[in-house]
């Protein structure tokens, strides 16, 4: 059973990672932005889903010949077949993009299975093919070498680090063009709710600024007159 | 009063950062290219303007709650409202893009106020929105977290470092797709003049090379015959 | 005389760097992907050619005034005029992109002379112009400063390091959107042959996955039924 | 007038940076340890003093010839002559140790004038001579080049960043073999007081552990029996 | 039951990490040296023991208040009390030394409990105290902040990465002044045996070289005359 | 024939790298300090000698099995046997210390042959043994893995980069506890001469400062009274 309700998932589709970052900052969580990753394709809809994690450790040569994938239980392949619909696969590649975390075949399989996206703090191979999919993907930089070169897939769905952020299975993962935020599962509904309000206000502010208004008193909102204008504006939406 | 004349500003619009870098190299200034920044949108017209600087220091938690922006005198907000028309805001973010230097609302406000562009050696949030503006912006990488997470805005229009380059208020800032050059104020007219000449010659060279000429004797110009051809070509322009 | 046959060159045009990386991994060569470089323009046809190398060392100021280029024997200029048709120029810039490795004039000259592409583990200036050429180019990041600022061209066509990979003159250089692989000259035919087969199979797999097939038994191919399906599919091509 | 009382200064002489770090962590200040610096000489008494700051920006060649030091008002030299007795000079070298922040002559002068120590997030030249002084000094790594190579001294006693930490003039600087902590001025007395208590307890714990006691219930102190033993032990001191 | 026999443990006490590295290189294992760590105290006897691992992930603020240590089941404290006699605790700190991995109290407890040493790819606090113990310890650099600042202890004795090397529980950990090697458990006896031989030969070579012999024919041993001299020398030992 | 006269060599033995750095800075050479290296043993006499260089490129696995050293012509071994008496071997290890540049046997051989020292921008294995020799050695950090893991020795005595500095065979290499300076061969006599004067003056300054004199007017020397005192002091030496 998913802890991410449809309503909350829907809200996150219209909320930016920047807004969520500010919301979590106010709650004392200042380190939820995955550092060093970017979307393979810009301008896509938000990526929203629960974290399904995969942990890599450094590869030892004798344990990682090309033949390991013949093992039906190889964690990387198992993870791809188990990642629940609507989830985001998040891979702990130890910020090492010198070899790939995965390639287009596995990412396509994830897409077909209904995953909501994939994030690695390493890199993907076949990056052009992955970027062309109707699927959200985030990495550090393209990387042609097979993952066996430097990574051994070890654990499925355990707490990991990704881009210097703690990711627990079930955390809500939100991605846009700025990058990826990790929202602790127990805060997801609350954050979605608050951020919807914040987004409304930010839209108002942006409209005012585009119309030539100063940010003084407006952003943040300290001027009472503007506050009532916002009230009216909000009504109109 | 601006030290950047309209004529010089106009000239810089047709000069590349590469040409300026070579010109300053000849004058003994070898470290005027802001390292580690790139345009949020490629293919825009050159960014040209005088530097208006903003200095950040690392954020101490007790001094940087979300409420600080309620202070009308917060340096970041004051800077945005004071940056003169035609100037480029240059932010010293200590090359730390783990939190944002600013977001789309402030950048939009700068644009509306007539600023010529913005540069940080950190990162911007709302990067897709900023990239979509008709406004030049340069950073290291997108970054969703609010600036309060890691940065405290401190000083307005003091000499700073940005991307390992010294930036003095009033220096001329030139940006194209390669990145951003800092031209000392007192050299601006002279550099614009010399680079206009250099650009003319480079255009000639490029045309020759496209037509199959060897670079020997042409680039640099050591062949007398080619020199006179250049003379003729130049006349023709 | 070129060691890269037309047939092999042709094959590499349809093979990805990822496939080559896996092929070389199987042969015990795990470090042939040039780290830290990317194409200036995405979506181009593969870059294929033999390596023609250029070695830079750090620039000493007294040896690198702007006037050095007046010397017809300056190694950078000589290299550009000597790089054989169909070859890829590979520059050892010591992974230092703080100054340019070359600019649009030299790269255009290379293109006109029939070179197959250019790679540096530093950066190019005039990057927008280079990206607009019908020519493959790879670097770390744009960089406006003239190469004399930090680099002194020293040797032509000696073994070098580029992006932490050994590059010997004559090695086959293959580039796509993931980046650049270095294929030892003596393995080029064999790798092209094997990778053509691998690519065929990967195309089959991708088609199956797009059609909803699980990767179990398919990738890698351990299921006998799928194996015979592949046989049939292959016949059909 | 100094805000650091003699009593508090004295207390800090027996408190470790680790203890202070934990104390500040409890108060919500998690980023007060200057990253990347180490003592030039290990095993010295604690360094304790108020911060007197010096800000460097990147050096522009024309502003930093060797002759600048002939100016009696050069900020680096002025700072050395103005740094109050008992203060610690803290230099913002932008974490760049490729050129020196200062050398043995200036550091010796600081020592003779009664300064309590010096910290840079860059490097010192004449490091062997500085290490031999009866004076506390911290840097990243030795560096022979004169500071003019990369640094221009600009501001005296303004808020700075040093090793990714905000340092305000008057903050208390504490150094031991682990490195350097920055204690906000207004918290100095309180932190010194609390840490004195914490240190007492840690000494008790260490003694117990050395005698073979388990840390369970002891560290942290959750066992009531041990709590009363600590009470007795404390009495005995 | 330990898989590291007393005989093998004893042999490793006279074998250097360099010799082991060469031995493993010959067996195709080229990535067993933990990168980026050094001993807190030089000149100690070799550290030898089986790996007992501890995995950290990035700390999330709400899960890591100072009070967590009151939990008797906190993995860091449990690990210290469970680490078997003769084992080496190896901590995966994700190469992040900005906060401590542990401090002198826990390390002292480990020592008293008979552990053979401790390794982290992060840093220790109380580094002077730890260095003064009769106990082997390796880290990247001292770090005063409590581990809660950046690390959350999560798993005990699972496979981890440490300094870019895979470490499996039970692997043999060997440390000397060069750093730390990880020897796969199943190879320990064989490596100890071969390295004892190699060490004998290296001692002979060093003696010859100190006496003025050329390395030609001697190192490696290709000269038959020297081979028989080595035979005689070996007899004499 | 050596270009480094006995007289000049002798002078450099009493000159610091810091003084040389300032002297070369005045001559426009600002990048002659090898970045990122330190002595394996502090407190040794200055290292002085002409550069004898060795160039490494990245190792390709098939070209670098352990057996390559059986080849009497392997460049690393040849270099050790050819390095002239009184010279300093300088190795271009591409700033990569993840594998060793050399170990104690080769370094001992160099010492016995009369070399003046060794520098690598990588690391040495057997670092404790090397540090114990009566021989100057500089590296980045200890590294146990054999050089074959990452390095292939290629060229002897060609111009190289080492720690971001150009090193030409015959340049004078000067090392002290701050690190290593590279003095262009044609400037060696002149630099030694000027630095001897500068050192005399610095000694005078240091004596004055130790005696409580202000640096104003003294350092640099702008006060005429102090100038004449220096004259007298100098006479006395």
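Residue numbering begins at 1 within each chain, and the chains themselves are lettered A, B, C, D, E and F in the order written.
Assume contacts are C-beta pairs under 8 Å (C-beta built on N, C-alpha and C of every residue); 3 or more make two chains touch, one makes a residue touch a chain.
Computed from a predicted model, the values in this text were never measured in an experiment.
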item: Other chains in touch with both chain D and chain E; value: F
item: Superposition of chain A upon chain B: rotation angle, C-alpha, nearest 5 degrees; value: 120
item: Chain whose mean Cα position lies farthest from chain C; value: D
item: Copies chain D and chain B - interface residue numbers shared by over half, same or different; value: same
item: Euclidean distance of C-alpha centroids - chain C vs chain F, Å; value: 37
item: Inter-centroid spacing, chain F versus chain A (mean Cα positions, whole Å); value: 49
item: Whole-Å separation of chain centres (CA-atom averages), chain C against chain E; value: 39
item: Between chain A and chain C, centroid-to-centroid distance (C-alpha), Å; value: 32
item: Chain F residues counted as touching two or more neighbouring chains; value: 30
item: Interchain pairs in contact, sorted by label; value: A-B, A-C, A-E, B-C, B-D, C-F, D-E, D-F, E-F
item: Chain A-touching residues of chain B, taken from the complex the two chains share; value: 66, 69-70, 72, 77, 80-81, 98, 100, 103-106, 108-109, 112, 125-128, 141-146, 148-149
item: Of chain D, residues touching chain B in the complex; value: 28-32, 57-63, 94, 96, 152, 154-155, 158-161, 164-166, 184
item: Residues of chain D that touch chain E when the two form their complex; value: 16-18, 20-22, 25-26, 30, 33, 35, 38, 42-43, 176-179, 181, 202, 205-206, 209-210, 212, 214-217, 219-220, 222
